[in-house]
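Letters are used for the chains, namely A, B and C, taken in the order the chains are written, and counting of residues starts over at 1 for each.
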Amino acid sequence: MNYNWNWGIFFQLSPDGTYTYLQLLLFGAGWTLATALLAWAIALSVGTVIGMIRTSPIPWLVSLGNAYVELFRNIPLLVQMFLWYFVLPEVMPQAIGDWLKQSSNASFYNAVICLGLYTSARVAEQVKAGILSLRSGQRMAGLAMGLTLPQTYRYVLLPMAFRIILPPLSSEFLNIIKNSSVALTIGLIELTAAARSMAEFSFQVFEAFTGATVIYIIINIVVVSGMRWLERRVAVPGFISMGQPAVAH
Amino acid sequence: MITIDNVSKWYGKIQVLKNCSADVAKGEVVVVCGPSGSGKSTLIKCVNALEPFQEGTITVDGVSVGDPKTNLPKVRARIGMVFQHFELFPHISVKRNLTLAQIKVLGRDPKSAAEKGMKLLERVGLGAHADKYPGQLSGGQQQRVAIARALAMDPIAMLFDEPTSALDPEMINEVLDVMVALAKEGMTMIVVTHEMGFARKVANRVVFMDKGEIVEDAPTAEFFGKPRSERAQLFLSKILQH
Amino acid sequence: MFSNIDWNVIIRSLPYLFFDGMRFTIMLTLMATAGGVVIGTLLAMARLSNIPGLSHIAGAYVNLIRSMPLVLVIFWFYFLVPYIGQWLTGASRPIQVGAFLSALVTFTLFEAAYFCEIMRAGIQSIPRGQVQAAQALGMSYWTGMAEIILPQAFRNMLPVLLTQTIILFQDTSLVYVISVTDFLGAASKIAQRDGRLVEMYLFAAIVYFVISLAASYAVRHLQNRIAIIR
């Protein structure tokens, strides 16, 4: 194989003179996590609302929720990023458009909003599925006690629904971390972008991408362990596999 | 024909079969009964190695089933098995259910396999249903097809694992009739069942199991008339009250 | 706001967009799906097998791929495939691999990990009694798999497999990062050449939207029909 391996490349200074390649990769990982966490905050909050209205008894709200989900699910993430980053400033009034294009962290904000809304559609799906998996008697019991519908969601339905969907939700969180890499196309120097730039400058292509891969794996392991801890911590005693009562009726 | 010799089996730390021994001669019909959890289904599944066992030997027509060198598919092709939940293959027609193993395992040509399948289907009274799918048949019909499917392989012995336990009461007899006819033709059969009427009619011997052990093994008349063990007596008194 | 829109650029570029771009996208989607399902099924069988070590190797591969972003996997194979080609053919230098082949290898092996998990769930959902019935009739492992287990598993998981294909269709747009001309790449080229970002990207979004939406409705329709047959 005509390739010169050099694993020490991580500790050599990058062309900018100040940081080693390893540090550049770690900065990239930092941007990845920052993007993912902020986007996740958006995805959870918006997604929960959309998921709830899709299960509400008001037909036009349900249609609105469904339309929202279909819109974000049927356009590739990359295309959505381009729409936010390239198209939105153009269709806004001149002043806002210019401001958008010139702000220094434009790629970061665009990536966060785009990723957040894209994922919110998937979170909405999970929340809807979680709520619908509960026996209908739960909602009726809440209302029968005199709770309003929003209160029933807040105190009765959502707490159980979230425990049920914790596994697929943690999958979505891992997806958001991976999907943040798409933002490299609009200039965000997250982990994969940092690896590619390291590959270009040092010519140690495989070392660079191995470094990025290892960091993604570590992030994965940390998140999965964290999610397992969370699942154990919020588990309701007597419910196996979340939602199935321990004793068959 | 079938020799079970000191067979013991563990699931992890739990022992589910304890030193079980029994012999089944050619043409004999042996009924295995006992409370649930006694290990009777497990034992019968050991005979054709669907379940592995850790100690003891099982020999079928001279072939040791537990020997790692044994060609298991070959042995299994010679023993027919009928399951509690019928286990017809839902994605293929009744006819194909009957011919699939004949063609793929025994290498018969499709024409003779189909002929044999149809003959057996007629024998169990379901000749008109050859082109239907299992999902379109009742439980009793499915189980009769399952018996025909097992017979299509020309087995030297037939194993029945609670063949009527999953059937609605009105369908139990149509299946038992087929099994009685089979017994009268001289087929070697081991039948795990709660149907004591069937046992009294055609069984040569009754084996009673409890908590993984064979507690009693006696000719039918003796078992029902004067069971020797207390556990068997208790079981019979409960089950015969139906 | 929309005063400066030039819709003609879309009409002018339709042939290029569809005959070059969309053709690439659809071919890549279909071939990667076919290859991915086959390899994914084999991986699933490996993960469920009793052969020592095999299930661990298959599991490690699937877990590795699933923890990596697709963009990173695309870069990996973009640089790796020429070296693999050199190793396979014994050439003296890494061989030049065409864009399509590189993308095909990437997406097939990437999607195989996801199809593996789908097929594994499908195989495990078949009642054990079916396996035992096949064994009781004397069928070997491969005969039982081919005739009894896999056909049923495939049928059960068909809607999920098709949904994964729709996801793959959208994911192919990421070949952009290695400057390959799929549908989005074609739209992007026109957008940059003619300075018509708004029109081209909006058009691309609409096309992806319509195709994906239609496909997902078709899958839902299929799901309803299968549910009736059961």
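One rule holds in what follows: contacts are C-beta pairs under 8 Å (C-beta built on N, C-alpha and C of every residue); 3 or more make two chains touch, one makes a residue touch a chain.
None of the values given here were measured: they were computed from a predicted structure.
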**Contacts common to chain A and chain B (chain labels)** = C
**Fill in**
The pair out of A-C and B-C sharing more C-beta contacts is A-C
**Complete:** Averaging C-alpha coordinates per chain, one finds the centres of chain A and chain B separated by a number of Å equal to 54
**Request:** Starting from the mean Cα coordinates of chain A and chain C, work out the distance between those two points in Å.
**Result:** 21
**Message:** Need the CA-centroid distance for the pair chain B / chain C, whole Å please.
**Reply:** 46
**Complex interface listing, chain A residues touching chain C** = 1-3, 70-71, 73-80, 82-83, 86-87, 90-93, 174, 178-182, 184-185, 192, 195-196, 199, 205-206, 209, 212-213, 216-217, 220
**Of chain C, residues touching chain B in the complex** = 127, 129-130, 132-140, 143, 147-148, 151-152, 155, 230
**Asked** Which of the residues in chain C come into contact with chain A in the complex?
**Response** 1-2, 64, 67-72, 75-76, 79-80, 83, 86-87, 92-94, 170-171, 173-174, 176-177, 184, 188, 197-198, 201-202, 204-205, 208-209, 212-213, 216
**Message:** Under the definition above, what is the set of chain B residues touching chain C in their complex?
**Reply:** 45, 48, 50, 72-81, 83, 85, 87-91, 100-101, 104-106, 135, 149-150, 153
